[in-house]
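Two complexes come next, and they have one chain in common, chain A, joined by chain B in the first and chain C in the second.
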Partner chain A sequence: MRRATADNWLVRYLLIGIVFAFIFIFLVFPVCVILIEALHNGFGFYWDTLCAEHSLTAIRLTLLVALAVVPLNTLFGISAAWAVTHFQFRGKALLISLIEIPLWVSPVIGGLVFALIFGRQGWLGTWLDTHGIQIIFAYPGIVLGTAFVTFPFVARGLIPLMQSQGKAEEEAALTLGANGWQLFWRVTFPKIKWGVLYGMILCNARAMGEFGAVSVLAGSVEDRITVPLQIEQYYLGLDQGMPRAFALASILLFLSVVTLAIKVGLEWRRLAHNIIRTH
Partner chain B sequence: MTVISSEAKRGGTPAHGDFVFNQPRVPSGRRRKHILPGFHLTLGFTLFYLSAIVLVPLLALLLKTVTPNADYPDLSKVVRHVFDVATDLRSLDSYRLSFGLSFVAALINGFFGFIAAWTLIRYKFPGKKIVDALVDLPFAMPTSVAGLALTQIFSKHGGYIGQVLFNWFGWQISYTSWGILIALTFIGFPFVVRTLQPVMATLAAEAEEAAACLGANRWQTFRRVILPAVYPALLTGVMLAFGRAVGEYGSIVFISGNIPYLTEITPHLIIMKLEEYDYVGAAGLGLVMLLMSFFIVAAINLLQHFVIHRRRLA
Partner chain C sequence: MGVAVNHISKQFGTFPALHDVSLRVERGELLALLGPSGSGKTTLLRVIAGLEIPDEGQVIFADEDVTEKSAYERRAGFVFQQYALFQHMNVFENIAFGLRVIPRKNRPDSAAIISRVSELLKLIQLEGYEKRLPSQLSGGQRQRVALARALAIEPRVLLLDEPFGALDARVRKDLRKWLRHFHDQTHLTSLFVTHDQDEAFELADRVVIFNQGSIQQIGVPAELRKNPQNDFVREFLDV
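Coming up: the complex of A and B.
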């Protein structure tokens, strides 16, 4: 006899079938297509595309952007989580909501706001022009836009983690005479290091793959574009555009698969909370 | 009996003979308020960085829509221009496309996300852990990469699925609004599943067993017992997917073809305005999108509030 909470076998197989079909068409198939299309013209072509001048410049810029954005947002995430979970102050709920704004806002707006400040017609445009400082269509602009888009990633993972851990151990360390730095490095950091890593990895994946904000701020100057924009350039290009675009896209695909593997590993070990959650 | 001397009330040490019982310590002055160190440092840096990266830039956008400049020398002209751009036919078509398709994609995700969450929580089948891990793929994968792959799959020229659909039925997916719909469905999928899973995992089996004992068949149990319990989470997940889809740009730009009035989404129109050096117009469209996002967030928070409140009553 069937248990009251179990479904009919027909329903069960039907639903499992639907899930597999959906996952295959929407998730597995695109991944396979990227790999197939990337190697469409053979491995030699694939390798040449990756080693081409344009690809290498884009990869270098993307790495430099992530190198600036991930530490900044991590520092912010840890400091925000420390402030929010260890102290009572007025406007705390508002602060948490404000941190989450970039999750709700279109990435294009993340680029637009900095264009409005630093662009030629922006607030500081004339001043920057006369002093010869370039922010838009240059490295600082791309860093700012990317920092906006990936802003909440570390904080949003750490706040619930540190909230669940409480502050009793920190207070105990304090009574034993630890100072602030000892407290953080010897007591708090060992407890949250996996959560920090988790946030950094998500932040990094998003930073390296960011398209909307960067396409506003990077313009189309050849040596000032990141990997996702270079993919678009290849795609729009006439000379073997598709295989080139897919070859470069396969790097980002590899990055996202590694990210996913680490993320899932940390979640299965219950070291981190899933970032997609409502509470 | 609790006797507190006036000294102890002010936070000083109780005098000999005072009987202190379960009385919370009253903080004396500012230093005692925060026991752990680093309050000013961490909150200060948090507020500074938040302002520099998020708040001041967003404020700059708001101010741009009301500040006169060389092209629009007084306030009424600026506001007039913002209004004109925001209610332009091309803009209205882009809102319809962005919000309409995001809504439909969110509903599709609600349906498939529900099935996926249910299957992952209730059934045992081979490959379950892999399916569970793959659900997060749209979240980990750069949207432009996903967009590129979907464009290729659904292209009528040599696309793996697109060619078949075009040759057999004459359907065109890539470079039409159907393509946008597919891309939006792709990026919103994890939100519904991940919102539903924890709620489904905590459903009480007793309620379903009681329904079965009372003679309900499985469908009735589902509709009357299970669905009402997970409905708020489903709605929240659908709205999260909707909110995410409205602002999406990276995956759409490849698959939509960006034809004005037909397949042009609002974020793309903002970039077009910027390329025409119409900063005020771009800011105006940005403002419209910000307001829309704000309403979506407010709706989700209201929903959460309502759910928590109802649970407390129950």
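Coming up: the complex of A and C.
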């Protein structure tokens, strides 16, 4: 039997064509450009750029930021998902919506908010200044901005997952004498671990690539620059700016590919798992 | 003595689930809570296990008031309607769970855990199924694993929520006989919830008839049939 929607081959090929054109123009083409431009001056130049002082400092800072942000947001995501699925409280729906705010707000605005709070002219500026604590234009500020932008990633995946699993197994564990700690590690966590990992990977990818919020909070202090900001610096620089910028960008590209591979792997694993479960 | 609840009341929002319920389960007794769905029987079971906190009243195990104690301190064996087996653990680990979470100083060593689980597997006639996952078991087998898991902690009382509800008719009959036999051997104080009259009357020493959150009548099966105390009991039992 032919389905009505499958009839028009023209529409079909047109739509498929549009999708492929989009993917090519917006994904494949830029990726090729990055790689070609990065290697424009030869592999030696590429390697030297990656090993340059500026690049290494930026890579180190980016890794340090991710190292703080990912655990922070994982902890937050699990807590939020646990609270939403295990407790009844007022404002639950509101909380779920609020978690998503960073997805709607421009990252630059997110960065500005923290600048307004912690900056020299900000609410807490004078107090922080007199106590010698620097947040804006320093590591804590970059972490704050990045954490803000990436904070829904773990929670958003876990909430529906934990809601669909219900709390029957947790209740069973309780009646069998498990305390809260044992309950979480022996019963809840094994059921959500792939979801947690999935969220962490997305959070990590976003954290390392974040530009907007960080550009407000990091300013332009030389050794307080993350990879995306350093890419901009190279790009604006006069001496071989393009190849340098693209060389460093290839690091982020590499990260994206790895993230994508892990993500596909996890999805595949989850699918296989579900098939085993239901048969 | 076994288990008692005194003047238990519980509301969910504005819905009164339990209203001034008092009940004693004698030591070694098998008691059925019988009533239509939504009558509050499961809620009462959950209050006894500590999974729901009553608004008023006390729960007593032996002579100890456990009302303020959390579920994990009560040692009440609970068999859930949908079994709630740990899907990621095999049969052995499911049954061993309650032993593995005992505080270290009282926890049996691994040899003792193995021997206890083997004993229980024998009791539920599932020897050789240690490595199976719950998803690889039939309904009746899952049910028995859930029971063994609850028994592993040597519970002070055994609570069963619609224990045969999800099984087909033949398995249900077999398990019913098996449970009665099991109870006659162990005399573990037990309380089970059902909406099936035959099940309650065939299995239980005494039956508690429940409706709209309160007890309508308590008695041995013959007495309930002979002297229904109100219209609800008369109609529900169809006598």
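Keep this in mind: the second predicted complex is superposed on the first by the 261 of 279 C-alpha atoms of A that agree within 3 Å, B and C clash if a C-alpha of one lies under 4 Å from a C-alpha of the other, contacts with A are read in each partner's own complex, and residues count from 1 in each chain.
The definition used in the following text is that a contact is a pair of C-beta atoms (placed from the backbone, for glycine too) under 8 Å apart; a residue touches a chain by one contact, two chains touch by 3 or more.
Remember, it's a predicted structure, so these values are computed and weren't measured experimentally.
Enquirer: For A:26, select first, second, both or neither according to whether it touches chain B, chain C, the two together, or no partner.
Expert: A:26 contacts chain B only, not chain C.
Enquirer: Touch check for A:182: first (chain B), second (chain C), both, or neither?
Expert: Second partner only.
Enquirer: Tell me which touches more residues of chain A here: chain C or chain B.
Expert: The partner making contact with more of chain A's residues is B.
Enquirer: One more residue to check, A:190. First (chain B), second (chain C), both or neither?
Expert: In the superposed model, A:190 contacts chain C only, not chain B.
Enquirer: In the overlaid three-chain picture, which partner chain does A:138 touch, first (chain B) or second (chain C), both, or neither?
Expert: Neither partner.
Enquirer: For A:68, using the defined touch cut-off, is the partner it touches chain B, chain C, both, or neither? Pick first, second, both or neither.
Expert: In the superposition, A:68 contacts neither chain B nor chain C.
Enquirer: In the superposed arrangement, which partner chain does A:171 touch: chain B (first), chain C (second), both, or neither?
Expert: Both partners, chain B and chain C.
Enquirer: Both chain B and chain C contact which residues of chain A?
Expert: On chain A, the residues that contact chain B in one structure and chain C in the other are 171, 174, 179, 276-278.
Enquirer: For a test of understanding, state which residues of chain C touch chain A in their complex under the given definition.
Expert: Interface residues on chain C, with respect to chain A: 49-51, 70-78, 80, 82, 84-88, 97-98, 100-102, 135, 149-150, 152-153.
Enquirer: In the complex, go through chain A and note every residue touching chain B.
Expert: 4-5, 7-8, 11-12, 15-16, 18-20, 22-23, 25-31, 33-34, 37, 72, 75-76, 79-80, 82-84, 86-87, 89, 95, 98-99, 101-102, 104-109, 112-117, 119-123, 144, 147-148, 151, 167, 170-171, 174, 179-180, 183-184, 202, 205, 208-212, 215-216, 228, 231-232, 235, 242, 245-246, 249, 252-253, 255-257, 259-260, 263-264, 274-279
Enquirer: Could you list, by residue number, the parts of chain A that touch chain C in their complex?
Expert: Listed in rising order, the residues of chain A that touch chain C are 168-169, 171-179, 182, 186-187, 190-191, 276-278.
Enquirer: Using the touch definition up top, name the residues of chain B that touch chain A in the complex.
Expert: 34-39, 41-43, 45-47, 49-50, 53-58, 60-61, 64, 69, 112, 115-116, 118-120, 122-123, 125, 127, 131, 133-146, 148-150, 152-153, 160-161, 182, 185-186, 189-191, 194-195, 198, 205, 208-209, 211-213, 218, 221, 233, 236, 240, 243, 246-250, 253-254, 266-268, 270-271, 274, 277, 279, 282-283, 286, 289-290, 293-294, 296-297, 300, 304
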